[in-house]
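Order as written gives the chain letters A, B, C and D; numbering starts at 1 within each chain.
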């Protein structure tokens, strides 16, 4: 039985996920694909945070597990069934297995040596998936469904998709659009809840101890390696699930999902949101995906409309300055945001939320007590 | 205006979603936001989705595509000088938008990554209500987005994609390609190579290690070996290798006398520059001058390779120095607006936008199956490539292919290539069955 | 009384240097046994042989019937040996409460257990034990503070609490008052005395004679890798060999 | 045999670049304890120093020639670089030698950039967790490269080597092969020698100057040196500037080998981290050794003979070596205990 604060946190989280299409509509993010991305990368980041936020092991190769999850899910669609459940179960499993293998070797080292080992494994996976492993991964194009796939379970249960390329469906409910988002959202809630339990459990305490002082831990009779490895595997399973969900909502698995930039992205999401906090990684994931999808969509003519209230002479200047930051310049905004946040909010966005909360409490005594600890 | 358009559509969408949410079961049918067909335009405008690389290695190419799209939209809406609409053989478009609706557009960044490209295409379809998606600068992205458009029930007009797979193994009913492919490059390039370098040659391939590279290598190998050439070796190089020296030095003493660089983009710039640096072009092997060939040229990339391109053969979809009326009209229109000539990427995307608009106008609907039917087997002229046909069997355009050579004395930084041969369409045609794949039925998304 | 730790014929060489030369020791259960000696006498090397950091070239180290050689630090702890470090080692960014709960869990659950579902808050037994132990060392009111911010003396107390909550059979202390001011040293000595009274076996390695003579029931003197004397404290003082070793034979 | 010799040469010039980037990176690690994800961006900025110098030298006097028209109907522009206009042949030579000349400019520019970066940003992150350092330097790298992109575009910009260095050098006879069998581009050899020279200068500087001694002491134990009352902070600013200069020079001189574009820094970033770690954190010698080792092994792995046995080996060789070395030698080739292991 979680504490009252945790129940509040969880209830709030569920409410936000369920109402997401309406909540995010005003900022232009209420459409299914972006919401799905929020949920999926939220899961990815929560899982990464269980490793990095708690044990302090900075993996630079987590995208490999995401990729493995995606490939597993698409192969499950091809060979077994278009139902998302076997796909995500197997994706989680294979993500975990691959993580067990890589974690077992990489955790022999600590610090940056560990980071580089994970990076090296992920880059090897990426490079091979892109080229030599093309029979399994379909290389650059990415693994896709085709009409001739066997889908033995579907056939056994008498489901025939005819000449159309099927999309994943949960007993007839198609996993695209809003239903797809709610499926991912449900997974996000489950994952968030599991993370919450881990954070509040003795096991979570042990993981924090790994980060804090491994020497003391050893002399306290605790074997650090299996703790770190378990955390690594759990986060690998989260990544595998996230990869599986990417394939569920959009049945294509591309190799670039495993590239170091993708691994770096989840690191950035976690740190940006606030590593070691429960909510931070989800927020970080949403912010980065929002920038990627919405800021990149502005073009000069839209900017022209926005600044149309300005006199002609100022307008072109304003447009050219603004276009540095949006459209093809969206990376610049992202980079500048990283710098500013890490300077002014060392604990990530969660620290910002905490500060605002503290400010609100000071202004309104006793009012915000229940919202005192949104996360950690 | 489009900004306002945004929020109004957003409100509408919320309303639909809200209704869907209240009537709980309907939300689970996925058609909560679909009408007769996906994104059927309701108001006075129709939205095109331009999905081009804005970051990453092809950002400049993407920027050029976007310029061409803007120009095309102006021309369709009756602004500007009309460009190639004046020379286009079909006169359905009258500068009054399409089907009485004004064309507006949204843009997205593919980042030249399948995932990002699909995410951005989905945004345009789901959020912005795009009726079609077009653009892109690599085959992986084209195939990925084409698959998505098939699933979503919108038309995809491919941008710059040269792999056979786009209209071969991975073709889809909702996808159409104006650009040529590796098969055509092989067929067009081989005779020119024979005329210039003879039939007794040994080729050494350096190939970018991904699907397009293999496709290109296969085609060139097929057509050159048919001429009597031998292939010494075909070496795969990692994408984005940067320094290719370790792949180039083995060429020096391999006995080969032609190096074929199956690279594109930055890989092509680097491998070509470095091959020249290693003195390959000054070498004599088997009593013949060593030659380098770049099967797929792009003027933008040739700029990056600088002097290294001089005298090197390759193929291209279109070049601004062509002297037919259509090309001249396009170059004039583009050059006056932007101050420099368009690239082949700009040309193919401009054509695709016009072709789509024209087909929709002729079909009288934006319904994908209707537009598709209007494009199938469509014969046209006046878009800069001579008489052209959108083949019904694979949705691939068949037209003349240009063989070009790096210019020895360029007059400006745009004037890098000269057209040495216009290979007639008949010579590059192949049976649709050759490349396999299955179009499947159209998907209207309803 | 029965001996709980038996060290027999332990030798250790580092290259040409003989660090431990045939060391024999018997630690009796329930006593405080101090090991003293001048710098470089081999005290730390000997301690490292108890705790799995170093493997002696020859000899045996038997604790309570179990050989401590060739097993890992966490296994040594699990058979009942806890240790405090020269510089207190605590979990710096966790609260004091967590710091003491962790060893309590280690005692109950063994060296590895995935106990990921039940909330820490519901582990009331463990928490009560930890709080009682913090109370014992006088840190209970700081239970929710972060350990890294404590003074050195408080960190030492915390570390002791962390060891004692495991109810070890043997407590190893490596210079427990190193780097402390006099006042802090004295309170630490008092605390250690209190702990000794509970009957726990302790091995103390120490430089500070004041500490040694306040605490020890028995003293072994190590010099140049060998035990040159082992006796009751009051008799060690007068031992000429010890004086020789400490004064380095310098006739002043 | 000649093939192997050529691959060693390939490895040397590649390794030279790796070593130079890794050298700066490891100095920053070792002295400041900062994980600098912006180091690739410094390399890129160096390359763009060369681009800028060439652009500056080839600034045009534009004259419109109304008698000629462009294809789109505007008068043709006739462009003559001012530098040739003013200085004639000397100007042309200067233009030809823009890459080597650019290193003279790159030194002060990169030093200044490095100092500004350190003073303005990096310095506030010495005591912060590595994760924060990664985030801030990565953000900075993105900002820098986007600014370059907005100025120079995304396409690679060719930077030819000076005419005189564009030829080949024939080693054939000198080492006992047939003439013409072992030829190598002059500029690549120049790059290799240049990298050796820079490495030598850096080592000499750290070894033989008081400044260098203090820095080395700082690398060994920062706090103690601080206690001696030496103003270590100011010295560390200069160290950062120096690392920036080394990376910048590596980038500027590399431009004839690899046409620079705004993204090139990111491509080198991961690689240079691998090099540093394989060499061992905080070890200058290790970084240099690992740079050359990885360069040479990468070249060998690309040979057909090797690829036929292990398909795809050239794609992963760098990472494979990193894994093997780190598993066999926990702290890389020459790493010190306790550096960046926490």
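Observations on the structure shown:
Throughout what follows, a residue touches a chain if its C-beta (ideal position, glycine included) is under 8 Å from a C-beta of that chain, and two chains touch if they have at least 3 such contacts.
What you see is a predicted model, and the numbers here were worked out from it, not measured in a lab.
Touch-path distance (fewest steps) from subunit B to subunit C is 2. Chain geometry summary: the mean Cα position of subunit A and that of subunit B are 33 Å apart.
Centroids of subunit B and subunit D (each the mean of its C-alpha atoms) stand 35 Å apart.
Centre-to-centre separation of subunit A and subunit C, using mean CA positions: 46 Å.
Subunit C and subunit D have CA centres that are 52 Å apart. Residue positions of subunit B with contacts to 2 or more other chains are 55, 59, 63, 209, 236, 238.
Counting partner chains per residue, subunit A shows two or more touched chains at residues 127, 130-131, 331.
Of all residues in subunit D, those that touch two or more other chains are 312, 315.
Of all possible chain pairs, those that touch are A-B, A-C, A-D, B-D.
Contact residues on subunit A toward subunit C in their complex (touch as defined above): 1-3, 197-198, 200-206, 208-209, 211-213, 215-224, 226-227, 230. Those residues of subunit B lying in contact with subunit D across their complex are 55-60, 63, 209, 233, 235-238, 240, 242-243, 245-247, 249-250, 252-253, 266, 269-270, 273-274, 277-279, 300-301, 303-308, 320-321, 328, 331-336, 339, 341, 412. Here subunit A touches subunit D in the complex through residues 52, 58, 105, 108-113, 116-117, 119-121, 123-124, 127-128, 130-132, 260-261, 264, 267-268, 271-272, 275, 324, 329, 331-332, 334-339, 341-343, 346, going by the rule given at the top.
Across the complex, subunit A meets subunit B through its residues 21-22, 25-26, 28, 30-34, 37, 127, 130-131, 134, 139-142, 144, 147, 163-165, 167, 173-174, 176-179, 182, 246, 250, 252, 254, 256-257, 292-294, 296-297, 299, 301-302, 305-306, 327-328, 330-331.
Those residues of subunit B whose C-beta lies close enough to touch subunit A in the complex are 1-4, 6, 10, 13-14, 17-18, 20-21, 27-28, 30, 32-33, 54-55, 59, 62-63, 66, 70, 106-109, 113-116, 118-120, 122-124, 126-128, 138-140, 143-144, 147-148, 150-151, 165, 170, 209-212, 236, 238-239, 438, 440-441, 443.
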